[in-house]
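To keep things clear, I will list the structure first and then write my remarks on it.
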Amino acid sequence: MPEIVLSADKLVKRFGGITATNDVTLHLEKGARHALIGPNGAGKTTLINLLTGVLEPSEGRITLLGEDITRLAPHARVQRGMVRTFQINQLFHTMTPLQTLAMVVSQQRGIGARWWQKLGAQAGVAERCAELLAQFHLSDVQDQRTEHLAYGKRRLLEIAIALACEPRVLLLDEPVAGVPPGEREELLQTVAALPADVSVLLIEHDMDLVFEFARRITVLVNGTLLTEGTPDEIAGDPRVKAVYLGHGEEAAHG
Amino acid sequence: MDTRASLLNISRMRPWEPVLWLIAFAAPLLLPSKALIVNEIAIVALFAVSLDLVLGYTGIVSLGHAAFFGMGAYSAALFAKHVMPDPLAGLAFGVATATLLGAVGSLTVVRGTDLTRLMVTLGVGLIMLELANKLDWLTGGADGLQGVVIGPVLGQFEFDLYGKTAAWYSLTVLLVCFVLARRLVHSPLGASFKAIRDNRLRAGAIGIPVTARIATAYTIAAALAGASGALLAQTTGFASLDVFDFHRSADVMLVLIVGGTGWLYGGIAGAIVFKIMYDVLASITPQYWTFWLGLFLVVLVQVGRDRLLRPWTWFGKRGRA
Amino acid sequence: MAELLQIENLSAGYGEAVVLSGVNLALPEGQTLALLGRNGTGKTTLMNTLAGATRQHAGSIRLGDAVLHKLPAHERAAAGIGWVPQERNIFKSLTVHENLTAVARPGRAGAPQWTPARVYEMFPRLAERKGNLGTQLSGGEQQMLAVGRALVLNPRLLLLDEPLEGLAPIIVEELLKAIRRITREEGLSAIIVEQHPQAILAISDLAAVLDRGSVVHRGGAAELRGQPALLDQLLGVVR
Amino acid sequence: MLTILFDGIAYGMLLFILAVGLAVTMGLMNFINLAHGAFAMVGGYTTVLLMQRAGWPFLACLPLAFLVPALLGAVLERTLYRPLYQRPHLDQVLFSIGLTFMAVAAVDYFIGSTQQIMQLPEWLKGRSEFGSGAFALGMGHYRLFIIVVCALLTLALQYVLSSTRFGSRLRASVDDQRVAAGLGINVNVVFLATFAVGSGLAGLGGALGAEVLGLDPQFPLKFMVYFLIVVAVGGTASITGPLLAALLLGVADVAGKYYIPKMGAFIVYSLMIAILIWRPQGLFVRKGAK
Amino acid sequence: QDNVFKIGLILPMTGQQATTGRQIEAAARLYMAQNGDTVAGKKVQLIVKDDTSLPDQTRRLAQELIVNDKVNVLAGMGITPSAMAVAPLATQSKTPLVVMAAATSSITEASPYVVRTSFTLPQASVALADWAPKNNIKTVVSLVSDYGPGIDAEKFFNARMVNNGGKVVEALRVPMRNPDFAPFLQKVRDLKPDALFVFVPSGAGAAVMKQFTERGMDKAGIKLIGTGDVTDDDQLNDMGDSVLGVVTSHHYSAAHPSELNKKFVDAFQKANKNLRPNFMAVGGYDGMRVIYEALKTTKGAGGGDALLAAMKGQIFESPRGKIYIDAQTRDVVQDIYLRKVEKKDGQLFNVEFDVIKDVKDPGKSK
């Protein structure tokens, strides 16, 4: 049986009267390509926020690589290898993509607290940045301030940052929203091509991509786990169709 | 451009920088009558650079920076009075106590919004002021601390009435601190400060220990503020309660904003502009100079600092960032 | 058929930078235009210019009798523009309900009226979150609210900037149906920007493709939909 | 003891009335207007000058103490403030401090730097005493007057901001000026009106506060810290927040100085720091706000 | 150049203490206008600087005046720390420093070059403590601002009060930043002493007065007494009838009944938009006189030490009455008056009704 790297145990999150996450249990295997789908407001983003420590769960337990991280600070979870992207871009608007990535790479390599060396002076940092910039088609805008980039470019940077962290567990919250069709596939291929021991959890409403990418799919509805299974099982599940997929030809847009 | 070169380019020394410093160091010789104001500018500039580290680079507003300034000033003065008159030792002591206070004080700024930080720091500053007032057996209370005698720098250079030694001493300390600060802001650590300023949520999400970094930035800034306070006490041979006063924190903030935040030279530029303007205006109209200073600030903001402080952009195309 | 919207020789941009140049477009009353184009070609800029949120350098825009380009932004809503910005821009310190009521205005006499209640009917999810602040909504909920907020303006022309982004397939399906219904049955016109041409062309009457700030293709939507090769070439899907 | 409570409430109300205008501009419009005190000073001087030089009765001056700064605020909003809404907060700080400096020097130049002292009408000067011993309650009539005026104002403001469409349009304009305009809100008029009212309130506060706090050209700088404390502790999201904060601080300050005078200087600041560290968003924030 | 005699007058011209600066500057200029600006063949030049009450500024300005402008005399000093910061410079450069306002006792000890023409708080408060027990005031509460002069006033008043058989029920100190006196006054009211002794910096005095009456403390049988700062001539007229009858002790009142004073007040008011001179002004006026006389005596020869020597021991008639500069302590010795606020010609004045002659600064005898 494959090793479980990340697991959520009976997670509950309440906002006042709303229960956004209701008793959710989820296991992510080593090397998983796992998708999380569900109607709008089902609690997908909330779940990611709980896993990464942006929110504190009302109840339940989170384990990462065998360690209980329920109360761990967000940055400490990143240092243990769990990285996420945001549904709504969270970027460093006064820095350039290059500076941003150089900072993230330094941070990732444990030299983020050095104050006596220049950013980018250490061996390999600049090279790694160049690689990432090229991979995400950002080389041409590497020296522009992030706030002046077009939305699509900013979206790419959002994901590039996460990958620069060299994650072992990667949580992607609608990563390709705003990215044009051609580049979507390419982007997901980049993700899919991550080393086999990296586990990925993907939230996405573009079903073509989800079914192409995922080996397992979990469906969340109203904060509760509806079902979990292989893509084929999910695609055929009438309950999923009723609450999420719909029936029309336009269902999976694109 | 090659990524590495492009990255390192940002921190390259610009040709005008050594020129600026040379002029600064030559000033007390060329204009001996202005040595005292050069000294004062250097002190304020150092104070403003310190604020820039927290405000400009880390995005932490502080209206209580005088707490560290005052701590440095009183520590250095008391050290000279009770332990030994050597200025460098006193400076080190002032920096040390201010650093300590900064480390403790940083607990109050790691959480909250801009407004909360503004007020908490302000509160800490005012409490320090009241404390210094109450501890009058140590600080001399509201009359100020007297009997401070500062020895010669390095056992060689006496503080003279013309203020030349003072000016060079302060300029040297400013230069050393500035070089260190410059190193810092272009380093990975400095980049993480900027990241926290721009987007704290994301900074945490890429593994930056946000709280600890804010505390670090704040403590470093406190150390520099302490140094500038110590310089003031040593070059005037006096310390009084107003080193802790609210207006000092407010003034240094104005100085920094005038010069521009997040630039390091902003603090220096602001100090030069502000002090010279005060000196000129106040000698023309000692009663109403605040009006003209206010007018300057209003115009500065309305016209835009970039265009006012960088004359070469007055005629060029606008909109280039 | 009378043209509702008439754009002539429009150029616009940010600061001094010019993004759009020489754009000509026309849209008859009650019709829907699919506005397509790759990333960064100026689709959002065009929408924002219509809404008065971007600096217009030259050209003219007319909406019915109104000379739109001479009106300040806030009067354009009265003239009949209903805008759904790309980044949603929900008012974060207002509740869902306040987001709707703050901007709601009565429509033209005789036409069916959009009210907050009707928006809730269309998106029941919003009704459940009526008292939540803007920031406390999920991404999809924000998108629904942005659409609803544009509808309660009772516009004559809806500007929808990537309205399907982030919505669940089933909602997408329903929203598309709703848009079709609103345009066909209530005489509303709409411009829809989308990254995915297929879904949107299916419900549009006309199509236009932007590239580097200029219109490079104009025609019927069904026509374009039937020519995947042309579409791919225009949108640069296959590179 | 009740007297102390009463004095504390009156003092708190006074702080509130001085700060409420700032809560409006800073909290609702998101503009750091440190020149707030200058508008308060304008209101104060309007009243004092009208009473001293034109012999107007106190009550008749109050509407003008509102209107004059409101009008001034409106003019300045149109000319100087408006271009700065989109600018960084620090620029706003610089600008509004500059404006304050100018106001201070100008008042000094035209009116002089001495304290202006206001003569209240007789019916406000008195004092009523009730009960005795620990429950003795002495109420200065003027303080009572402040409490009443303040309470009425709060109710009116709270109603306008939370229950009218104007309130939500204002907050929408602040959240996103560009989009609000694009959705048909006349942002300029909304801001103009709000700023004018905020300035007017400041002026009213200045007029009412001049009696207790004194009035000289330094007024805007001297009391800036107090305005800020009230707004910070109360949070900027509502009107009731600053009100409760002002009351809490007022009572704590007065009681503290009465019972432990030696700690007098520390009380307000320590309380503020404690509260803000405990609740960094302010003590009374709108339910559920981030 | 050699024929110019420069006086560097450093004062707070802006900020909280601005009125101090204004009064002194006006008085100094008045003295020069009345006595000409040429003395002993030298042209007297007054250089006014604003230190905004910041000691480090005072110090820098003084230093610049000494080394750049080569002033012959430094003068002014609005607050104690300013004077203290400048004192070492006076010693180092052998420049006489004429203190015209700052009132803490110890200033004259900070440098042998300091000469004071204002007053000290012990001077004023001790006189009051002598008067009070003889006038049915047996128990007092003292209320002072929590800074140097306030603490001086408290110390000397209370000690002398006890010495004279009175009783000090409580000594209250008010923080410098204190917008509302209510809690302190309420405390006093609950303690029910015969009188409340007040020292607050001029400016805050009016607020205390008003709140005192508003609280009905006079009706509860508590008298208000204090040093003259509380009923500062500058503002007295605006304080309203509630201050009628308040007894204070001070060295100067604009209502001092002498020919010289009448002339001084009239001329001052004429030159300054009807502003009434207060005790600050008289400090500045007399300070200028001390400098002028010293210059006359030395004929401008001999530098700072000679000037200083010529300042010591000057005896003359000032608008406040006869004063002299004690040669030993360089501090002013003067009559302290007990005054009561009364209405004359529709205006409020501190009318003198008793005098204690030749009061030295009691702080020096310690």
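First chain written, first letter: the chains are A, B, C, D and E, and each begins at residue 1.
The criterion applied here is as follows: a contact is a pair of C-beta atoms (placed from the backbone, for glycine too) under 8 Å apart; a residue touches a chain by one contact, two chains touch by 3 or more.
Computed from a predicted model, the values in this text were never measured in an experiment.
Chains that touch both chain B and chain C: A, D.
Between D-E and B-D, more C-beta contact pairs are found at B-D.
When chain centres are defined as mean Cα coordinates, E lies farthest from chain A. With centres defined as mean CA coordinates, chain D is found 32 Å away from chain B. As a whole-number value, the distance joining the C-alpha centres of chain B and chain E reads 37 Å. Rounded to a whole number, the gap between the C-alpha centres of chain C and chain D is 43 angstrom. Distance from the chain A centre to the chain C centre is 29 Å, each centre being the mean of its Cα atoms. For chain B, residues touching at least two other chains, in rising order: 126, 130, 133, 287-290.
Chain A has residues 15 in contact with two or more other chains. Multi-chain contact residues of chain E (touching two or more other chains) are listed as 14, 18, 22, 146, 175-177.
Of all the residues in chain A, the ones that touch chain B in their complex are 52-54, 73-76, 78-79, 83-84, 86, 90-95, 98-100, 102-104, 106-108, 111-121, 126-127, 129-130, 133, 142-143, 145, 148, 161-162, 164-165. By the touch criterion stated above, chain D contacts chain C in their complex at residues 165, 168-169, 171-172, 174-176, 178-188, 237, 286, 288-290. For chain E in complex with chain B, the residues that touch the partner chain are 11, 13-14, 18, 21-22, 48-50, 53-56, 59-60, 63-64, 66-68, 80-81, 84-85, 87-89, 92-93, 104, 106, 110, 146-148, 151, 175-177. Chain contact summary for the complex, chain A toward chain C: residues 15, 18, 37-46, 87-88, 150-153, 174, 177-183, 205, 207, 243-248, 250-254. Within the complex formed with chain A, the residues of chain B that make contact are 1-4, 6-8, 10-11, 183-184, 186-192, 194-195, 197-199, 201-211, 262, 321.
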